[in-house]
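Each in structure tokens, the structures are laid out below.
Two complexes are shown next, each including chain A; its partner changes from chain B in the first to chain C in the second.
On to the complex of A and B.
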């Protein structure tokens, strides 16, 4: 393994930093929350102040505390769902791409079926049949979400495996008599890593989205704090109509920020896989400094001087 | 043609899977949700209703699963989706009345968002590396906002505060009566504006970013360089490249429709707009399983139908699919 170094792309750096902050909040959120999120004794509907940085709800609860504590539940479920779904998609996608033939056709139909069924309605139906006690269990909800969210990953992994299967280095491994499992994990596996990472991030993104949506609809236990239940309470108390932006805004913005962080990392991975996307990524400053035209010319990739090239990659 | 038939086959299988899941889930789920529901409903609804629910979910019938399945399927083919518990009406009747609101709202929003998003993507891809690239992080953020959240924000600022739009509902129930009169139609159009805007804004960025990336990839192809070398006007070259770059977007259309519909269903809830999404939320809240099942089937079939249309469009746009019978 090469020594770790910070990725050059600004997008990836920002994305990683964002994700890092959210993971940190997941761990320390409940400790740094200033108040008990269920305590209802504060002034009601107060706009932000020094005592309550994000104001209070109509029940007189501290919004910031709910936000910080809700981070853990949101992230834990989403990560469980993301990892489970990715495991399913690896097993199904890689096996179907590598084995080929009838098995491939069967597995492809399976993942296409799951891809075509709209995930959220299926999830709502599944969730409504769960026994009431199970709807708060992160592992159960995570698994249910994973069940509806693995197909996309399986499809891209299959496509990539298919394209790798007949490359020369895999052929060589086969000729020297490597075992199938070894070829799959030793030769093909590492080349799937970028796609795998991107699919994992997408699935976590999907999980954050649907989990908070379920909670927003009041389908999970509404007394467990996560960003979705915060929005549920805000919506059912008409906080939007009353203009209580400090209550409505933060949870939604948190959901969007975690989404943005994951998507930015994915952009970086896209650019890594498809270098053409990078061609336009040389910053205008560097281009001007090296005398290249301000706008890239069609079909021509500008050659930049070495001194500036280091910063442009 | 072979490709289209294959896709059709896939959608038929998917529809069958959805139907079967609908049949099996309430029967096989741990904790027996139907029995609990019936226990809860005792004394609250008529005995006929309880009997209808028992029949529909095969409670206490002592029939083997496969016989129940046969009944279920034949009932479905005759359009029987059971009786809604809370509304005391056949589910098919409830859905038939509400679906047009949803199709009008989501259909319009989906088409608008695809057209606007793709056009913007063409322009941003064409001008890659220029100042327009600064839009990307913003668009990513916009894309990450949940549909229902953006809807709430829009209501908060543009309806509740600025009074530019009505706050909720599908038409002015105080002054208008349903029917083909101008006042009603104009009212419907006016009330649909903000929900449509919120769906378009939430889904726009996805199309835009995808199209931009494809455009960036496409304009470094040789045929674009060739077009430039021939001295075609820039605008023509741009559309030349765009027509080729749009293919993956159309191919992805099928994939994205499901997401879009799912997201938009919640927008109905936020705007208190009549339609399938609103019914869905109420059905879940009231544990109205027959209605819930009917909605799930309806949404699935609609999405599959839309997927098939998207595939047909792709087939029309990409001549390669017609020659070799293979997608890529």
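On to the complex of A and C.
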């Protein structure tokens, strides 16, 4: 793909790098984990040292190993949930926006109901009905989370489809005889891509939060390692009260970091959709060098008179 | 492609009407009103001929084009394609699409912004069953037929990389991809720079002559109609008010609305001349009972407000829908029927 190039925005680069590291950990985490996370023979409650970079738990388990191995479960479930929820929201959102009429009313009611249902209690109920063997299956848990997380994306996609539906290029496609489904996914779909990506990233973020919450409450199988179960064990052993920051802190920081990476990528997508945020295509460095105002005024294309070294790009 | 005889009627509309239901004053309990966007339109599109449809905004020209392309379905009336009546109850099918194509007004909006030009040209070919190994060659051929060379350079571009004139050529190319017999052009030059308008008009003319296409050219610009058209129809408030088999209508307009329309074209040789103005009809700009134009007409008769005028031949091949040109007999019949109606009403009272 000759059009694929590294994004110019620093935010996006940092976000992509962060997400890349997490994906890498997901793949290689279990191999680079120094110890078996279930092994309880180490010194108990040890603070970080060269042997145990993130210390040990009250049971004498290595925290770093738990963190690295727990990455996979968290990421896999969240990504499955994110993708499934996005697929549901595409089908429901685009169809309801494009078809309109009674179908739209029905589908809108459906997504409003799912928006209004408090997600977590529903998840807890659904989760408790899962057969015991299925509670560790990432696909099943991912689907359950997706079921509560698709409605927001569907609303956004419906709104955008509504605005695209009456554009001339859609009519032009109808004139040449395109079928309805083709118009929805072949003509309108690609125009939804930026919003779709942003919706996907937020849904993944939502899934990370929800999965961790479920695990923290002890509602998933607590013997599989993920950041939520780590927090569950830390909490049930009063790690916070005992001042064992190396046990409580890392899982929380990991969750915050993945959230930050996803949000940074989303900023980049915002700039891509709305080029005005990109300061009229002029980078901050060039703007400063040429003495142009820091914030471009809406509707005005910045004109830089002073030619500088940085300006000749 | 089998050559069609020049002048043969390809697509004909008979008394085609389309009413839109709109909410009254927008209030919750307001009554729904029906608005006639197009009413009783009779059009015949002939091979190798360009029919210009002239009218102001809201006169129903664009709706007429959409009715003819069957993107919008008519409320009443019939369509005859190649001598066969089209079943308007069924969905528009590919066969109809391959015969009648529509070019939209805004070339920038009519192209999918995230798809390459090649996509927009290859889709119609694919849909209409051109074998895959021929598609690329056909796409090149179509682009060349609208004078966009070298074709490959355009196929790989995105719409925002091209100018309005180039895009409008591509829009025309897309419509031509399915080898239609009838081309409907909805104000194809109104969004373009003046400098490229003539190019598009000449392109339409040459397509019409070379491929024996029947073209309907919709415009509000009577000068361009005179330049390109073989026949002219003037629309006002959804009705056809004047038509001629040639462009004589533009030289000697008979309907008061057409006269005003032509008088409003700026003429550099008559600088300082007094501008003819139509009395604004106020709220009742459209009269729905009699002649639609009567509230704004400076020559309106008493009967114009209450009786719909007939289409009268005002010159050989030229017809105007106006009481001013109606014969005494025609006027008398209305007066009599009015009288008898009044008598009936008074009796009932």
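What we mean here is this: the second predicted complex is superposed on the first by the 276 of 313 C-alpha atoms of A that agree within 3 Å, B and C clash if a C-alpha of one lies under 4 Å from a C-alpha of the other, contacts with A are read in each partner's own complex, and residues count from 1 in each chain.
Everything that follows uses one rule, which is that contacts are C-beta pairs under 8 Å (C-beta built on N, C-alpha and C of every residue); 3 or more make two chains touch, one makes a residue touch a chain.
Predicted model, so just to flag it, every value in this text is computed and none were measured.
With both structures placed on the common chain, the touch criterion links A:235 to chain B but leaves chain C unconnected.
Using the contact criterion defined above for the overlaid structures, shared-chain residue A:212 touches chain B, although it does not reach chain C. Of the two partner chains, chain C is the only one touched by A:174; chain B is not. By the touch criterion defined above, A:113 lies against chain B but remains apart from chain C after alignment on the C-alpha atoms of chain A. After overlaying the two complexes on the shared chain, residue contacts for A:191 are found with chain C alone; chain B is out of touch. In the superposition on chain A, A:20 makes contact with neither chain B nor chain C. More residues of chain A lie in touch with B than with the remaining chain of the pair chain B and chain C. The residues of chain A lying in touch with chain C in their complex are 167-169, 171-178, 186-187, 190-191, 193. Listed in rising order, the residues of chain B touching chain A in the complex are 10-11, 13-14, 17-18, 21-22, 25-26, 29-31, 33, 127-131, 133, 136-137, 140-141, 143-146, 148-150, 152-153, 155-156, 160-161, 167, 213, 216-217, 219-220, 222, 224-225, 228, 237, 254-255, 258-259, 261-263, 265-266, 269-270, 280-281, 284-285, 287, 289, 292-293, 295-296, 299-300, 303-304, 307. Here chain C touches chain A in the complex through residues 69, 71, 93-94, 97-98, 101-102, 104-106, 109-115, 120, 123-124, 127-128, 171, 174-175, 177-178, going by the rule given at the top.
Against chain B, the residues of chain A that register as touching in their complex are 11, 14, 109, 112-113, 115-122, 124-126, 128-131, 134, 152, 205, 209, 212-213, 216-219, 231, 234-235, 240-243, 245, 248-249, 252, 255-260, 263-264, 267, 270, 274, 276-277, 279-282, 284, 287, 294-296, 298-299, 301.
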